[in-house]
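After this come two complexes, each holding subunit A, first together with subunit B and then together with subunit C.
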Partner chain A sequence: MTTSTHETEIVADARVPLVRITRTFDAPPAKVFRAHTDPDLLVQWLGPRDTEMQINYFDCRTGGSYRYLHSRCDGMEAAFRGCFHEVRPSELIVQTFTYEGFPDGVALERVVFEDLGDGRTLLTSTSLVDTFEDRDAFLASGMEVGVREGYERLDEVLAG
Partner chain B sequence: MAADPLSRAFSALSDPIRRDMVARLAVGDATVNDLAAPYDVTLQAISKHLKVLEDAGVVSRRRDAQRRPVHLEAEVFDLMTAWIERYRRQVEERYRRLDDVLRALPDDVEPIPPRREGVQP
Partner chain C sequence: MTTSTHETEIVADARVPLVRITRTFDAPPAKVFRAHTDPDLLVQWLGPRDTEMQINYFDCRTGGSYRYLHSRCDGMEAAFRGCFHEVRPSELIVQTFTYEGFPDGVALERVVFEDLGDGRTLLTSTSLVDTFEDRDAFLASGMEVGVREGYERLDEVLAG
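Up next is the complex of A and B:
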């Protein structure tokens, strides 16, 4: 049993407003796919730390749709929804993604599950948005949370 | 507008050769010839890549010096790196939670859960 941690890699494309994220998982594609399609599993990992994820509906099949809420303990809520355009078990999910606070904006997301053998999966997740500004705002959205969680982790280490 | 400095800098760094050039400039200034040496491309192609990096404010070249060494503008570069790194860290946190979920799943799980009633709006 391996205990290695795989690092997440992020690339911001030059030609189109796209962010590409790659990460390897120590699990076969069927398991990684299930964790993306089963609402009971999704709530355990998708939402940012400090938020509670509530799924209104989540029908991960070609032609299906979804809506979920992230709620923070201070009462802030953000709702997201979209449609599943193509779902091929253990291989591919193509979906739209809209933040309801900005309903005119929509991202096209593609998640590819590549079998690396040895019970490992390479996950490639791309998010295509309308403009480069949207893309860079998307990248910047991690900033505040990233810093906060970084300090929280430091606090935990110092307290331990 | 799409031409804000950070967007231009991000775009400039999307090319693998340009990323590699920047990585080498992080060690120290270099001439165009130095930069071209490892690649099987013309000096002209390298100059073109440099021009993109220069226009994006990622590198600068001294006008006066004979060899015109290329210099990495660390401030712009650090800002971009910090920006992406913070986002990357957020995604990494999420994926570590996914690692935990996967560890708890049985090996013979079906890729899609059984269909439930009332999942559609």
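Up next is the complex of A and C:
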């Protein structure tokens, strides 16, 4: 299997406490969208390579909600949860996101699937919080490794 | 019925695109919370005096969702919807919020119920969006009248 790896761009917005992540995938929007909404596909790619993902519930529709667990062989465990504000097939997912280790922190996330033609998709994922301190702590948390590795794994799922 | 009317403060945050609304009520947190979560009470106060509120669904629990309609006798109608990220009895509601006339706009809202003692509650409600332009348009939309009148009506519900 040969997959061209596209660059993942992670940018801290200058004006608002938001992180913007962009990444191109060699698959059409419907296929990239399905990999975000089908739990059986999601567990194959979300998060860094050294973690196992376990889904408690994942009802990916407007008004649904989710919770999942990431665990590493060294015993590290992290749980995440939120609700789906809007899910528009092949176009958009708007959801909330909380890392349960920091239960009062909530991000508003928006994932946009844009058709680039030729079977390619531009994914833009934004994460908005209410202070620059929390945004910068999120960026400094090592999330970058998880995002880049996760999208490399997603390349593999899409090529499979 | 005599109700002392407390002042409603509406402040635009200087650093982030957020509006912060604070208001004291002469009722304990459990009672003010119930008026936010019980649909039969909510329809009696949410919004300006000249509107009727009709609830399509209002499942106010962590992971639930809602949709409601405000209508005026002149025929004006506005629909609002979102999901409940977290509902902690008598303490906190975190939810998303969209005015369907502007379907791509989403606010992350947090309502905190703080016990001031002596049967009084300080309500702090924040609304976060991803641009200052959208925040300022929200402030300029006439929302102030609806918020102030709504809280005066809530005084009456709490005293009733």
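Rule of thumb we're sticking to: the second predicted complex is superposed on the first by the 138 of 160 C-alpha atoms of A that agree within 3 Å, B and C clash if a C-alpha of one lies under 4 Å from a C-alpha of the other, contacts with A are read in each partner's own complex, and residues count from 1 in each chain.
Here is the rule we use: contacts are C-beta pairs under 8 Å (C-beta built on N, C-alpha and C of every residue); 3 or more make two chains touch, one makes a residue touch a chain.
What you see is a predicted model, and the numbers here were worked out from it, not measured in a lab.
Peer 1: Just to be sure I read the superposition right, which of the two partners does A:S65 touch: subunit B = first, subunit C = second, or both, or neither?
Peer 2: both
Peer 1: Touch check for A:L41: first (subunit B), second (subunit C), both, or neither?
Peer 2: First partner only.
Peer 1: Give the label of whichever partner, subunit B or subunit C, reaches more residues of subunit A.
Peer 2: Counting contacted residues of subunit A, the larger count belongs to B.
Peer 1: First (subunit B), second (subunit C), both or neither: which does A:K31 touch?
Peer 2: After superposing on A, A:K31 lies in contact with subunit B but is clear of subunit C.
Peer 1: I'd like to know which partner A:E7 touches here: subunit B for first, subunit C for second, both or neither.
Peer 2: Only subunit B is touched by A:E7; subunit C is not.
Peer 1: Of the partners subunit B and subunit C, which touch A:T131 in the superposed model: first, second, both, neither?
Peer 2: Touch status of A:T131: both partners.
Peer 1: With both complexes superposed on chain A, which partner does A:C83 reach: first (subunit B), second (subunit C), both or neither?
Peer 2: In the superposition, A:C83 contacts subunit C only.
Peer 1: So in the superposed three-chain picture, is A:L116 touching just subunit B, just subunit C, both, or none of them (first/second/both/neither)?
Peer 2: So A:L116 meets neither subunit B nor subunit C here.
Peer 1: Return the residues of subunit A at which the contacts from subunit B and from subunit C coincide.
Peer 2: Shared contact residues on subunit A (touching subunit B in one complex, subunit C in the other): 15, 64-65, 131-132.
Peer 1: Could you list, by residue number, the parts of subunit B that touch subunit A in their complex?
Peer 2: Residues 1-2, 4, 6-7, 10-15, 83-103, 105, 107, 109-113, 118-121 of subunit B touch subunit A in their complex.
Peer 1: Note which residues of subunit C are touching subunit A in the complex, please.
Peer 2: That would be residues 15-18, 62-65, 82-86, 94, 96, 98, 106, 108, 110, 126, 128, 130-132 of subunit C.
Peer 1: Write out the stretch or stretches of subunit A touching subunit B in their complex.
Peer 2: Touch residues, subunit A against subunit B: 5, 7-15, 21, 23, 25-35, 37-41, 44-46, 48-49, 56-61, 64-65, 67, 87, 89-90, 131-133, 135-136, 139-143, 145-147, 149-150.
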